[in-house]
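Below you will find the structure I want to go over with you.
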Amino acid sequence: MKHLLSTADLSKDDALLLLDTSAQMAATQSREIKKLPTLRGRTVVNLFYEDSTRTRISFETAAKRLSADVINFSAKGSSVSKGESLKDTALTLHAMGADAVVVRHWASGAPAQLAHAGWLDAAVLNAGDGTHMHPTQALLDAFTIRRHLVGLRGGGADRDGVGSDLAGLKVAIVGDVLHSRVARANVRLLHTLGAQVTLVSPPTLLPVGVEAWPCRTSYDLDATLADWQPDAVMMLRVQRERMSGGSGAFFPSPLEYTRYFGLDGRRLALLPEHAIVLHPGPMNRGLEISAEAADSDRAVIVEQVANGVAVRMAALYLLLAHTEAAHTEGTSL
Amino acid sequence: MTTTYVLRGVRPLGGDPADVVLAGGVIADVAAPGAASVTDRDAAGAPVDVVEIDATDHVLLPGLVDLHTHLREPGREDAETVASGTRAAAAGGFTAVHAMANTSPVADTAGVVEQVWRLGQEAGWVDVHPIGAVTVGLGGERLAELGAMADSAARVRVFSDDGKCVHDPILMRRALEYVKAFDGVVAQHAQEPRLTEGAQMNEGVVSAEIGLAGWPAVAEEAIIARDVLLAEHVGSRLHVCHLSTAGSVEIVRWAKGRGIDVTAEVTPHHLILTDDLARTYDPTYKVNPPLRTAADVEAVRAGLADGTIDIVATDHAPHTREDKDCEWGAAAFGMTGLETALAVVQDTMVDTGRMTWSDVARVLSSAPARIGRIDTGAAPQGRPLEVGEPANVVLVDPSATRTVDARAQATASGNTPFAGRELPGRVVATFLRGRATVLDGAPVAAPAGSSAGAPTRGGHR
Amino acid sequence: MSTGTGMPGTPEGTTVLGASDVARALTRIAHEIVERAKGAQDVVLLGIPTRGVTLAVRLAERLAAIDPAFDPARDVGELDVTMYRDDLRRQPTRAVGVTRLPEAGIEGKTVVLVDDVLYSGRTIRAALDAIGDLGRPRAVRLAALVDRGHRELPIRPDFVGKNLPTATSESVRVRLAEVDGEDAVVISGRAADAPGAAERGEATR
């Protein structure tokens, strides 16, 4: 595998290699000296067509911890915002000798185009494209879930659950599935890793065609929590613009959304003792998640951020450490 | 000196072999093989060249008529001009095209439609019949001067806001009623705008998976349902552009069963391509209406075969590289089609046994000419292959195959969805009123001022 | 194929050390470590995956037998050097292994790196870099079961089980019961068998 574009492209072995490598990367991050020489001399470009300081910093930190040179190319204050085409930008990055391009784009499919249009030969890492995919987010979610529900809870020697999949675990993903690249990425990856997924959403925020996804769907958060007893609950961010737009709004009011789909203390109490709460951030406190839920000891939201760096280090390592020639005779990733 | 063409052993409409003589701008003779009478003098006694073409096993069709072409001129000459687009049309076997109104400026006045009409005459590749906009500037708010366009030298009979839907029901009603005065037709681009805000592709399993905003079938079907009922109510005729869903076929079938005066078209690409292609995120496959599912493709083929869908029209929509070499979400809608339409129809309908060549002549020539009301008058199109009819014909080698090469096409744009794909059949020659516009598969430059014979009359009602 | 050098042959090559040779070599190395460090109380072992870790565990048992101050449960760790290698670009992707420091840490200790085959020295160079990021031992020593020569860096072992002169076209493999089901050191690639074997993965040390 030369690129990381979609979790749908990952075999179970690929996914486990990414997660296991992430565990080793995470271990290096608790040391005093966090920096590794692994990608010395390699150039990683962060190409961001959408503002996302969090994701950019996470990738930048990951690349720097592996000693890669990092160039930030953001939509603000560069030619990208002046209408330079994706193609011309790609040709520029190619000329600059980029070894990897981390791309965040408002358009679904833009990373796939970068990877396959023949404009550049760098590895492409999708850092979120439109309403399509966000593979490193799904990987860090899976890593966090595995650490808590397989590693730590399993009580074994290995607190990260290295080598294990997520078979038998139940994950509820709650909120705006229609517009969520996080949901799409997670459904595919969690399914590949053997977990069961239920999407919980108002009907207006589930895509037509969701019936083909490898998961269940529900309109009832209370019933899902109480009856299905998920091991993990992932709350999706609700974009404010989804509730405006008059007749085009997806739900009547923030209050009604929170009433039916917000995670609060009462709903938290419906969960099994060991269940954890995830959120990709940034949170709308008081909308999809109450302060009580966000700050509870079930919430692993801050840890997700730290794990994000380890997962992105793993992805960069696995895509960049080898040459393509060596890769073709090597392992699948 | 004029040229007489003798097509030896050709199969008119795919039937028994015959010799067909094209002389003096008309079909001069249709005779048993070897029995054609050919003279080297024209009616006035002047000498003519006689060119014999061995057309054994080739099929002869009436010149194709496209009811839905975007020629982009005036305004986007970087994507296509009347000259380049009509040259592509001739290469595809067409002898007449209807030029859509969404140019810049919009063809919403007699002045603009006459300009396009005149450019077509000057190019001389095919007859260009401008389509007039229904509303001023395609704005969907005020009727354009439909009467003036009908009365102009361009004799506009087809009106469309194509690219935009005439979505205001009262405006649509008025347009349907108004065009009755000059036997016009409103060609509706059926797309409910609110249901398709930001839409990028067919809404369904594929859009859900790949995260492109969905374009529901109902956005097309709801407008068609409304419009057939409006047409019935006011007793006007309606043409449905590029119908693309199984539901649309059902509605048109129902409307025809009820006696409503509705006609419908399907594009070649909707006969063969599906929304699965969007998985590539290659904007070449971004088109309006979007590519639909395999079930829809089957439904439109069935509808075309049983006559529910009257015609195939290309919706030839050239775009520059810049407008396609970008993110899917930023790319323009549309694909070219003039040079591949006949091949796609052969592939999907003839070679599958669902239609005969005679049916092809109907859906690609006589029916579109009749809907556009260009089947009569000074320069009629879509006529039968009979002695005395204008020599608008196309010679097709159905047994040839070719791999589509975007760069080798006559259109000025490269956005064909069939690049690299092998398609059956080859247009060997196209004749416009007896003059070859294509010979041996290659466009033949028209001698200067050779457009004589095309309609030149002024207004008439 | 075996080339009949008088040693027992296997289909994969020639066995140059048998199980008892391996055991004797490890016992001797253990004694040398204790002797050099004047006791084992400040010694920790760091095995380099995969077989260096197994060897470190075996050495630990012997050290404890010689000097009870050495605790195998406390004083043995493993050091994955993948992320410090300078040949990553020339190789297929290597899975990153576990690094686990001894409970006692390495600060102020005498660290003995344990590897199976010493070859170019690049693995040891990477290990030294990795140790440098982990702490500051009092001294770092190197133990290898086999030294096959052909060093590309100024690195030399402190404790060697067997010096084994080889050609670069040959490959040397250490087989250990815990991993491979038997104890043996095997040379292959003599004459023309298995061309390119020396270019791959574990055989390059």
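The letters A, B and C name the chains in turn, as written, and every chain counts its residues from 1.
The working rule: a residue touches a chain if its C-beta (ideal position, glycine included) is under 8 Å from a C-beta of that chain, and two chains touch if they have at least 3 such contacts.
Since the model is a prediction, treat every value here as computed from it, not as a measurement.
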item	value
Touch-based graph of the chains, sorted into line, ring, star, complete or other	line
Furthest chain, CA centroid comparison against subunit A	B
Most centrally placed chain, judged by C-alpha centres	A
Gap in Å, rounded to a whole number, between the CA centres of subunit B and subunit A	47
Computed distance of Cα centres, subunit C from subunit B, in Å	77
Gap in Å, rounded to a whole number, between the CA centres of subunit C and subunit A	40
Sequence positions of subunit A contacting 2 or more other chains	none
In the complex with subunit A, residue positions of subunit B that touch it	194, 197, 200, 203-214, 216, 280-282, 322, 325-330
Subunit C - residues contacting subunit A, complex	80, 82-84, 88-99, 129, 133-134
Contact footprint of subunit C on subunit A as seen in their complex	17, 20-21, 24-25, 27-28, 31, 33, 35-38, 66, 162, 314, 317-318, 321-323, 326-327, 329-331, 333
Subunit B-touching residues of subunit A, taken from the complex the two chains share	8, 85-87, 105-110, 112-113, 116, 129-133, 181, 184, 207-213, 248
